[in-house]
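These notes concern the structure reproduced below.
For reference, chains read A, B, C, D, E and F in written order, and residue numbers begin at 1 within each chain.
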Amino acid sequence: MLRLMAPKGERLLGSRNLTATFGSSECNVLVSLANMGLPTGFITLLPDNEITHSFKKELRSFEVDTNFIIKKEGRFGVYYIEQGSNMRSTKVIYDRDYSSVSLGKPGDIDWEKAFEDTYWYHISGITPALSESLCDLAFESVLCADKMNIPISFDLNYRGKLWKWGKSPCDIIPKFTEKASVIIGTEEDFNTCLGVEGKSPNEILSKAKEICPKAETLSIINVQSKSANYKIWKGEMLFKGNYYESEEYTIYNIYDGIGGGDAFSAGLIYAQNNFDEGESIINFAICAGLMKYTFVGDYNLATVEDILNVMKGNKGSINR
Amino acid sequence: MLRLMAPKGERLLGSRNLTATFGSSECNVLVSLANMGLPTGFITLLPDNEITHSFKKELRSFEVDTNFIIKKEGRFGVYYIEQGSNMRSTKVIYDRDYSSVSLGKPGDIDWEKAFEDTYWYHISGITPALSESLCDLAFESVLCADKMNIPISFDLNYRGKLWKWGKSPCDIIPKFTEKASVIIGTEEDFNTCLGVEGKSPNEILSKAKEICPKAETLSIINVQSKSANYKIWKGEMLFKGNYYESEEYTIYNIYDGIGGGDAFSAGLIYAQNNFDEGESIINFAICAGLMKYTFVGDYNLATVEDILNVMKGNKGSINR
Amino acid sequence: MLRLMAPKGERLLGSRNLTATFGSSECNVLVSLANMGLPTGFITLLPDNEITHSFKKELRSFEVDTNFIIKKEGRFGVYYIEQGSNMRSTKVIYDRDYSSVSLGKPGDIDWEKAFEDTYWYHISGITPALSESLCDLAFESVLCADKMNIPISFDLNYRGKLWKWGKSPCDIIPKFTEKASVIIGTEEDFNTCLGVEGKSPNEILSKAKEICPKAETLSIINVQSKSANYKIWKGEMLFKGNYYESEEYTIYNIYDGIGGGDAFSAGLIYAQNNFDEGESIINFAICAGLMKYTFVGDYNLATVEDILNVMKGNKGSINR
Amino acid sequence: MLRLMAPKGERLLGSRNLTATFGSSECNVLVSLANMGLPTGFITLLPDNEITHSFKKELRSFEVDTNFIIKKEGRFGVYYIEQGSNMRSTKVIYDRDYSSVSLGKPGDIDWEKAFEDTYWYHISGITPALSESLCDLAFESVLCADKMNIPISFDLNYRGKLWKWGKSPCDIIPKFTEKASVIIGTEEDFNTCLGVEGKSPNEILSKAKEICPKAETLSIINVQSKSANYKIWKGEMLFKGNYYESEEYTIYNIYDGIGGGDAFSAGLIYAQNNFDEGESIINFAICAGLMKYTFVGDYNLATVEDILNVMKGNKGSINR
Amino acid sequence: MLRLMAPKGERLLGSRNLTATFGSSECNVLVSLANMGLPTGFITLLPDNEITHSFKKELRSFEVDTNFIIKKEGRFGVYYIEQGSNMRSTKVIYDRDYSSVSLGKPGDIDWEKAFEDTYWYHISGITPALSESLCDLAFESVLCADKMNIPISFDLNYRGKLWKWGKSPCDIIPKFTEKASVIIGTEEDFNTCLGVEGKSPNEILSKAKEICPKAETLSIINVQSKSANYKIWKGEMLFKGNYYESEEYTIYNIYDGIGGGDAFSAGLIYAQNNFDEGESIINFAICAGLMKYTFVGDYNLATVEDILNVMKGNKGSINR
Amino acid sequence: MLRLMAPKGERLLGSRNLTATFGSSECNVLVSLANMGLPTGFITLLPDNEITHSFKKELRSFEVDTNFIIKKEGRFGVYYIEQGSNMRSTKVIYDRDYSSVSLGKPGDIDWEKAFEDTYWYHISGITPALSESLCDLAFESVLCADKMNIPISFDLNYRGKLWKWGKSPCDIIPKFTEKASVIIGTEEDFNTCLGVEGKSPNEILSKAKEICPKAETLSIINVQSKSANYKIWKGEMLFKGNYYESEEYTIYNIYDGIGGGDAFSAGLIYAQNNFDEGESIINFAICAGLMKYTFVGDYNLATVEDILNVMKGNKGSINR
């Protein structure tokens, strides 16, 4: 999507200036992984116009492969954002109806070809939320990846403003997570999308594991919101049968409150592929997520070195 | 529509900055008339969201009445613009599919109520171009205004990128212009929309008059384009049976090349209601149109005094 | 007043950029009330120039009625502001001498006509501070509103840099507050303007009540300043004979430190007219005041829904 | 004065952004001369506030001496500017009433001390226009400079929006020009301020010479305005009894249309002190004036080398 | 090089804002060719730091291959630019001493490997101007390309501020051009670099052909400078033994006066590879060069379609 | 050095905008002292170009004397900065190789003349770190100041990215500090540069005193970093044989994290020359250091009054 942001401290369109960047859940994860040095590619449907052209230009700059961006009638989705501050919440207005991707339907993408040489497949719960036909197309992808033994990570990512096409997440998401080896969400996501409840993150994750037998990793981002700018994050993870908790990290001056969850997902995927210890994995993912909040836009621009510095306890000292 | 403009000298989305203003043909005419001191109101269909809220806020600031902006499902239309310069053309990308207004259909607006106390009704050829149902709704408005003896001005305003719903302008526009007392266009517009051709503006206008018997005023904007920034304008007008030509005006440094035609229409409507002489009318309209080009955005912000100064021959001297 | 603000982190005129907005105590209250959906109108004296024109344009956009902005010789007042940060204080330079409003004198405004259909009248202690003749004109307004049984709210609003015309606030303000049904201030304001002191807010308000017999509501904003950006607010209120305290609200990243008191006043007036419970009233007013600090400029752009969210405990979570 | 400018293509306060620079006729001449490498100092009256502080900081950066900026009650004058473009004129709104300088009166400045080591004194017709007492103070300066044999240059600089204190320029200016050795103006200035008319610049200058016997140099800037951005300049000069005309210079894209006359004055003063040939003098002054138009703000930032390049026929070729 | 540009109308560092883009002669040609759809790659030496990282990110966005950007000690070159306007010239300050590329020496690049699959090699006269060792490295490249039968285009590109290492262009450049099949320059370049003079472009090109026997194409850009913003361009070309002249094109409002020659070179290379007619080739190259002037920065962002539009006579009309 | 800063929340060159200011350790101290009202002058070596010209213009605006800025071949040093936020560290890229100052060698400056009328000399450990010849030149300055009985303050200021010329700080710095009467550093600086270690600041300072017998004042800035924006500062000082600690000051929203140490040095020098009490001296220095963090750029723009307000406990209340 094209993301159009009002200047800080202003209402949307309160002045003439908008900051235009790109972003959407899966894309954010890919750019984040590319910045960590992993090879990545984006599979999606977009219209054939100058907006798509600019978007592909940006993806290439990050070394995200754009060869599987397929042309399709429809619009380039837009979302408007007014960043919150303090007690004032961030406002998001979606203008993604009739986007090319939401018009997607089974058959639009040759998944076997798209997945050639693929070592990992990531998808979020936003995709099946957009339309019934897209949900079907997305499920096709999961079946294909599963058949080709490509590990799948699934970010539950519940959005109350979406899911307007007739089904509720609980009807749909479990079919996807059944095939996934990594599952990510907030406590609320696990409840809304998988129907699991519990008194503790551990209990929730354990129950989720029961209905997602292939999942080697299930994790929760635990956020305490002191204000739009000031949050305390902690990660919880059930990993190969053991339960891990990250350190608690406080961030006082969030620069842009979007994309933290996507950066966490990317961190988890990276760590999964590079570290063995459960503790390192969950701490790396949490630090990756928080680093996103220090950049404007949807993307996490942090390098692996940046994230490791935070894990080692660096709190913003200058290096010179 | 929301108009999203790239900075000068940059490609669309070449950088993160967009200038967001509002504009659309009929709306531009209204704001221009309001700046000339006339009472105005906008009748349209828009979604119930923050973009509409901001747009109405802006209209109110110009004293354009917003009471006949009716809520409707659908989107708030968007257009992207990359301003040309020199030999490089301005590029416009429309993202107006599924806009509330294009979903409009007969019955959506209570025209009799909307037209109460109305002294003039202006509509452009862009409206019937958007969808068949909107075309029908628009024709309803023209029939109603005609029945209520409200003078109608019609700007032919042909746009090649629109008219995708199955009919060509020649099938449709003549039904509208038959009721209009003022008709505005370029030579190309008269040909494409009304099917009239001729060797001179005079001949074109005379032929058009034959198929638009109610039209007291028919006029052509004659533009010589030296570059995207440098144009020579001249107005031609058939008015109450006589033929008038304006002076030739040269503009060397166009600041924003959109909305000149709408400002001309507003100038013609104002002049029609305030001057008697054909020469004053066509010169005022041309000067109004050119003044638009000195402002950023779709709207003409000139006052009547500003425009009269140009008519009197002022060429940018400072008044202090 | 026209408010000219230096960019953050810069001294005034340290660079060429100034942000120009409008604001003044009473006007801020009106815009804030208009954003809450109440009908409002501004009664004042302003010169007949382009600055006034722009100001009226802005008021109209907020649906504040401008019909009682009366033309008067003199200047459009200006104030320069350098926003503080951390331990550095905000600096304000007034350039309001010889402003039209300060030249105001009894007879300049036809109060009976201005107050037709008025349901509430708000005025602040800044107005009588500006000049003797304006003080007299303002007192005229209070007498007239009182005669017409329009409830009056009075914000004590002591400014040490004003009150240069010969009298001290204690000589003047009590005559105004005697007629008011709502009185607002800080502890220091109550002391400086009404001469009341006390060991607790409750004691101060009780003593003030004694000399303001018509006042149904007396309230204090209690501010703990941790830094220019980080404050703790609490409201105290004597309302229909009972004493109420709000929750304590912490704001960590104030975006613009001007206008919080005016937004509190607006919140109190709105709540007074819409809620019955003392607790709801004082909490709504405090939350309204703090929301202002999340917007740039003097005005509170929060809606009633925004403010209720804060009252319900929302701390900046995203809604999407 | 503080000069507050709207962005190009916008009406004054049409957006929140203002560009704040300093400028006033005499000050512009001094900065221009300082950029040409001459020692300069500014003698004026200003309030004791942060605006003055910033202004002095700027003057020092240009090496203009600030020791004779005297503190005085009153305001720091302001002017608002909306740059014209094409046929649209630049608009200037003065807000200089009650400025410190306009409150100036005889005795405020110790001219003998101020003029110690002074080799040239420049003053413009704007100064006596502001108030009667300032006119008297200014006349004091001229008498003192004359007594101390310091050459005086006088720029007639008629402003229709000033001269509100009771006298017309013709009553006052001749007393000043009688002492001046250099007199500068447009044809209109010579007519309005000195009452001389003529069919040609030569005739006007010759007649002016008769009533200004000390004037060794009298010159006229002849401007043909094609648009606010496009002008043709030519200089005329009566110098030591001979008549000179400059080349005709065309400027197509004026960047900021203020201060050209002041830059011309500075060019004339510089050339007078450094060249012998009348032709060089008038051409240098014209080129200096036009160079101003290529910079934003009131000041001419050109060096002597820049100006000589233009005199030598350079038309914007790159040097690399 | 990193290019740091002052805002228009300001002196370099006259304010705090700089626009940072990248550019250098050969790189500009490559980006221009990439925008025309040709495969391209950049061969150079750069330090291993964040500036290089950003530069490669940008090249990738344009699809310019970065695999032959070799790490080398030294600096990332910088140039500062103050855009001229009207009669004021653009100023360029080079800060490229000790840049990695200028420290380059024979052996630093494996040319045979770099030229694998290469269909064209372009180099400019700026490269040998920077240092003796780089000149030797560059000559190595030309010998290698020649041996591998890769066509070479050479832009003479004389810069008076460079060539400080001891030799003059006439000592060096002819060794390069001897191997080139395309040679590009201004009349002055041909004279300074190849020592050829003549009364007409045709004569100059014919004489140059004599000392560059492999050159199938020799061309001159003929520029008439009316001002920094307003130029008239005409191209001259000796192509396969015949002489061609382009149309004369006028550009009135140059947006950024750098990179026109590089865009011309790219146009010539593209046309050489895609058109057969001499007339089409020279006109395409001229139109490509001028289109550059409509974009900010060193790069030509025009597409082939954009350039063909200009060749077909389009003068900035809007397409909508 | 020219300091080129990326916008907040962006990676270096992530967008086209850079903020260009000047700064370097010693220069920052001087500007800070000038803002406190002390006479100051900068002694350094710079190239003869427009960057130097702008830098001197800025110094003059602050009333820092520029007469001892000596012309020298070489470059004007540059540093690039990406401001950190929260856990993300600030990144600094030095581009100062071959700067004029680093090419400095003994004999380049006539120290006796430069030190005429000098009451204090400040130098930092960055200067000897840049090159061997500059180290020698700097040592010359210290010997000369010592001979002329000018008190010397020395800021240890260790930078790991410098010191590339062959010696380590411990080999060099003690020769400098032996002559200094004021020594400033962090605990790490004392260890790295003077080789002293200790369990407490007091112990470190006492040990340092032993090897710096002339030092009347030795002080440590003690920083607890909670995030890039949120720090707790405390000062420690051994002054005339007694040990002092400042209050602990918390800063929550650092605006620009560079230059705090230099502002502390300036505060210490000012206080040393104006206060007698050790407590006032160390508290003033700490408050001066923190005030820097509220301004963008390297310079502390605080006045003595601003700093005293903080010492008196003011925490950002508005004064109006």
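Keep this in mind: a residue touches a chain if its C-beta (ideal position, glycine included) is under 8 Å from a C-beta of that chain, and two chains touch if they have at least 3 such contacts.
Just so it is clear, the structure is predicted and the values come from calculations on it, not from any experiment.
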Minimal step count in the chain contact network, subunit D to subunit F: 1
Length of the shortest touching-chain route, subunit C through to subunit F: 1
Relative orientation of copies subunit B and subunit D, as a Cα rotation angle in degrees, nearest 5: 120
Pair exhibiting more inter-chain C-beta contacts, B-F or A-C: A-C
Of all other chains, the one whose Cα centre sits farthest from subunit D: A
Reference subunit E; chain at largest CA-centroid distance: C
Gap in Å, rounded to a whole number, between the CA centres of subunit E and subunit D: 44
Junction residues of subunit F - those touching two or more other chains: 11, 14, 16, 91, 252-253
Residues of subunit F that touch subunit C when the two form their complex: 249, 251-256, 287, 290-291, 293-297, 301-302, 306, 309-310, 314-320
Residues of subunit C touching subunit E in the complex: 15-16
Touch list for subunit C against partner subunit F, complex: 7-11, 14, 84-92, 94, 159-161, 225-230, 252-253, 257-258
Subunit E partner contacts - residues on subunit A that touch it in the complex: 57-58, 60-63
Partner subunit C, residues of subunit D touching it in the complex: 2, 4, 11-14, 16-21, 49-51, 54, 75-76, 78, 80, 82, 91, 93, 95, 97-98
